[in-house]
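Shared chain: chain A. Partners: chain B in the first complex, chain C in the second.
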Partner chain A sequence: MTISRRNLLKGAAAAPLASMALPAFAQDKIKIGFIFLGPVGDYGWTWAHNKGREAVEAALGDKVETIYTENVAEDASAEAAIRDLCNAGCKLVFTTSYGYMDQTIKVAAEFPDVKFEHCTGFKRADNVSTYNSKFHEGRAVLGTIAGKMSKSGTLGYLGSFKVPEVVLGVNAFALAAQKQNPAATVKLVMIDSWFDPPKEAAATETLVNLGCDVVTTHTDSPAALQILEQKGLFGFGQGADMSTFAPTAHLTAIEDIWGPYYVARAQAIVDGTWASADTWDGMKEGTVVISPYNAAIPADVAALADGVQAGYKDGTYDIFTGPIFDQDGVERVKAGEVMALADLAVIDWFVKGVESAS
Partner chain B sequence: MDFTIAAIITIVGLTTPILLAGLGELVVEKSGVLNLGVEGLMLVGAISGFGVTVFTFNPWAGVLGAAVGGALASLIFAVLVLQLNSNQVATGLALTIFGTGVSSLIGVNFTGRIVAPFGSIFPDALARDPFWKLFFGYSPIVYFAIIMVFVVGWFLKRTRAGLILRAVGENDLSAHSIGYSVIRVRYMAIAFGGAMAGIGGAYFSLVITPMWAEKMTAGRGWIALALVVFAGWRTGRLLAGAYFFGILMALELYAKAAGFSFLPSQFWAAMPYAMTVVALAIISSRGTAGASAPACLGKPFTPST
Partner chain C sequence: MRYKLEKRREPSMAMLVITPVASVIVTMLVGILAFDALGVDGWAAVRDIFLTPLLASHKWQDVAVKAAPLVIIALGLSVGNRAQVWNIGAEGQYVIGALAAAGVGLAFGQAGGFFVILAMIAAGCLGGALWALIPAVLRTRFSVNEVLSSLMLTYVSLQVLGYLVGGPWKDPNGRNFPATAPLPEGQMLPALDGSTIHLGIVVALILPFAFWLLMSRSTFGYQVRVVGSSPHAARHGGFDAKQTIWATMLIGGAMAGLAGSLELTGALHKVDLGFASGYGFTAIIVAFLGRLNPFGCLLAGIVLAVTSVGGQLAKTTVHIPDSTAGIFQAMMLFLILASDILIRYRIAKRA
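Presenting the complex of A and B:
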């Protein structure tokens, strides 16, 4: 058959017929969509969410199928990406970053039959749940270790944006470090991106040059750890165990474990029991997990870190227990008081000892 | 002193990739072709360089692989714009999308792996000395980039081949009418640009962060494009401009880490582009020949019309 324009047109006419037949087969399975911030290969935030998606496939693969869109920017384009997943027939859509909040709410209003799960936000609707993980509990463990391991008492924090999740992380890290070393200070650099390895690397060099000897990251690549490895300093993994990237520098990591929550919510869709909710799990529920400790951590420091973990699991420890002072020295939380979850969710001030530009 | 040296080393790290990619693009544009695919080529170079290094344990082979990978990818662009006269802007943008996609595809097999960083080849006494590391503490790619600035400058200004390349970029029909193969010159320029962008990309995956991560160049290809315009298509200014951009990028980080908040961070991020617009305005208002865009930039070569 020679390829003529007419033949091509025939083929083009036949194609929609073929594709129309497909959904009939697929209809038995419920479609679940995911909007990812970075590439699934970032080995951090998005990688962890994708592990959660894979857990859904593994647990409910006979009843559901999952699709995802990666590298979705936190701007108006996210709206189109979410809408695309709805139009593709998804019954449940996970939007896995704070910056998708308004877009999720907007698209959810257009698709009342689709359920949405927005990660780390605070706006809900009848068909929009929010879920979050108490990463700051993990940060308290890292801060405890950092406070003990730092010789200079100057710690580095490589941040992304000033959103509550990051502010909580910075504060938990600083407060926990100050429990071990009251003079500890935290230098903070926000790189205005969740994923920019060259900038993460340069920012880490900058923090080290300004005297930080332990640097923790709230951005999604192992770049900072690789710089610390080359300089013989210490750091922590973010989102996943990153020890393969920096076997010596990697003290431990906060692992985000989304699988159990994603499976439970997907199951609720299958069972027809899904309801809008606000879920904020942490170490107790197993969504925040601390990776194995590096051998460089002395036994007494490891014991302190274990104590923090145990305290979160049995509810006897909370890093946001007063007295807590802000950067200007104003007492924000009185002695003995514990900050409420609702206050934590919208926090926008840094604690004393955090040195930041904003 | 130690503080200044460490800051300079960070600036060199920020500068080198955009210098390499910008230098390649400068040669491409001097031949009259606008290749907006630099970002994609850098990613192809980053994964090619990393992949070859993983298999050969030899970063030199990796750099060569990055150059070959970048050149091959750029030749796809070359066939489309030179042979088929496709729109250079659209094709270049498509090349970026292609490079991003193909590097991610290949990279799936390399995620989570590391190689030894391709650092200084000088003895530790120099490379790790608190002072001498300022001169000897860098990856060979850094010295290569600076040497290439002078090689390319000499080539364009002082050699016959360079004159032909500029002639092709300024007036392709005239160059054609006196017997030079416009297409062949442009093929070579595009391949050179691809190779340089590839090596620039490998600087990320072999030197700064010796790993592969999708989209790890994070937009540096676009800064390299702006840099060529900022430099007014001159190699000396390209070197100065690259370091100027590098200093701006480092200043942003130092200002934040030191707790200065007199300017919003978005201001710093926009600076390279804002400075490019300013430079472009100055160049065009002066109207000096030789400091402006090659006359045939972006136009397809169609000798029959």
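Presenting the complex of A and C:
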């Protein structure tokens, strides 16, 4: 082989690559663990997180392997489950529900060499990051569609718990609907569970009986959509495209896309660059994605919904722009003001037009 | 050749011991076969569900933490069940007990120490007992079936919990998430260094002896057993059935409340919406699995804790789905209860 300049360059480029690749082959793959709230087959919240896990396998499968535990209760058993993953040799553990917060912090203190990622919480440590998604941006799109599609002007919201994430979702949905129909009201039911198909179905029946003709869900199964399909009414998917469960009723869905974040954090572990952080991404970053629209949505409504999406992507739209009044009619946000992220994160009041139905 | 069941003159003590053990072994064997047939490593699954929690020392603490509330609640329930009093609402009494303890803790602010913790636990017992008093009053005054009233009060208790942790007791630094503030260090039960083993587990180990003394060495225990097995004889003997209902409901409620306050001060250190996670219901199974015997309850509580801890472990190690662990528990319970028939009956050849 003649030594040409080109070959020399090739060799120089290849050498560090080879030396970098070698340790990866020589040692075991890095283990990454996931704690899931529901079953991976819930077709909602946990399903979406599991898709994120699969994205990590797909992107970094030669360097990492993933393990997971599903249906982990948000009590002392979560602590044991997180500890199990650490004992199994995980270097990075994703705990994917708010209720694992204190357990994550506690176990993280016992395993300083393991990094943790806690979803939707607010307590951090040197080895604990938090991450969340601006689901409410998607709720604004759903509210826009619902405000236009509802004949009765009475919308339903199937909620889980009164936590800031859900309050934000309710408010974004109601405010967006009222932009299209100022008289629109939102009936709210909380079922005290994230995943309970029979309860979700029963609560949906209640909302329908109260006159709601479009219902959105903040719980994780397609049960509500199946009821709406039977009744010939409309609804939205939560966490994932659920159109196969209710082809007629399913107007669109908020899809939680965790893959890019999970891959980035896993890559940081591989590279040794992981650092504790607080991440709250949304539509702009691709964490919140709206599913394809149902053919039942007229073109003008679809255009309005697209407008909201485009506005969030280029930063020209924010549903939490004043004036905003609370349930008692008190002005909480002045005209032209936009609520700060820090205020959104702790919100505990509902906007005007939200009525408790439970 | 045909067989028939023949009633034994006396329940077989040998079978009483053999059938539960045999049931566990049969469950393990059927499990290995079923999993292998499904293409999963059956032995690994069964090993992780039934044996690893017992053999791996780092899993002992998980078993102990899980077993303690089950044992304590089951002890209280078994007293009532002996007297044919059916308290199904231990879950609610557990919740109210924990809330009572949390309330006392909050009243003391950041203060802690032995007497504060003692007051919290006493409040827990009292809260649970008072919650159980409602179905007792309804039953003795208005003949309301305690199965329904105690069960439905569980849902009421969850509403109380939701109201308190989302309203007046909400952690001011908790970003408006519905939960109480974490307990100050001084209000936590002492725990072994570097482990989750807390003093409540010691209580769960001592209580079976106390209940054994109560049930087999005291007039009260005798009264409960007589009222339960032959109400007519009890009346002739001068035992008051109503008084027995009151007493046994109070004991059941107090124990559930105790378990709730120990879970708060020993394990979870705060009350949030996930606090009630079914111990009160599982304890009903524990009481019957333990044959309403105090030491039986201890053993049964450990067995259920092992399968639950092991089931969770097997989800991570051999990737069995969550429902599989449930199937294992159900299969074991079914076999134990079904084989109960061998205690009172024997299989004999038909003549």
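To be clear about the criterion, the second predicted complex is superposed on the first by the 329 of 358 C-alpha atoms of A that agree within 3 Å, B and C clash if a C-alpha of one lies under 4 Å from a C-alpha of the other, contacts with A are read in each partner's own complex, and residues count from 1 in each chain.
Note that a residue touches a chain if its C-beta (ideal position, glycine included) is under 8 Å from a C-beta of that chain, and two chains touch if they have at least 3 such contacts.
On a predicted model such as this, the values are computed, not experimentally measured, just so you know.
Look at chain A after the overlay: chain B and chain C clash there.
In the overlay built on the shared chain, the residue A:L207 is in contact with chain B alone; chain C does not reach it. In the superposition on chain A, A:Q267 makes contact with neither chain B nor chain C.
Of the two partner chains placed by superposition, A:T279 touches none, neither chain B nor chain C.
By the touch criterion stated above, A:T244 is placed in contact with chain B alone, chain C being left untouched. When the two complexes are overlaid on their common chain A, residue A:I67 makes contact with chain C while staying clear of chain B. When the shared chain is aligned, chain B and chain C each come close enough to touch A:D192.
When both complexes are overlaid on chain A, the residue A:D102 reaches chain C alone and has no touch with chain B. When the shared chain is aligned, chain C comes close enough to touch A:A76, but chain B does not. Of the two partner chains, chain C is the only one touched by A:N87; chain B is not. Two complexes overlaid on chain A leave one chain B stretch from 20-28, 74-82, 110-118 or 236-244 clashing with chain C, and it is 74-82. When the two complexes are superposed on chain A, the residues of chain A that touch both chain B and chain C are 39, 71, 192. The touching residues of chain B, counted against chain A in their complex, run 3, 6-7, 9-10, 13-14, 17, 104, 107-108, 111-114, 117, 119, 204, 208-220, 249-250, 253-261, 265-266, 269.
Every residue of chain A that touches chain B in the complex is listed here, in rising order: 38-43, 71, 156, 187-193, 195-203, 205-210, 221-223, 226-227, 230, 244-245, 355-358.
Against chain A, in their complex, chain C makes its touches with residues 58, 62, 65-66, 158, 162, 166, 175-178, 182, 194, 196, 263, 267-270, 272-275, 277, 308-309, 312-313, 315-317, 319, 321-323.
Chain A makes touch with chain C in their complex at residues 33, 39, 67-77, 79-81, 83-85, 87-88, 98-99, 102, 110, 122, 161-164, 167, 192, 345-348.
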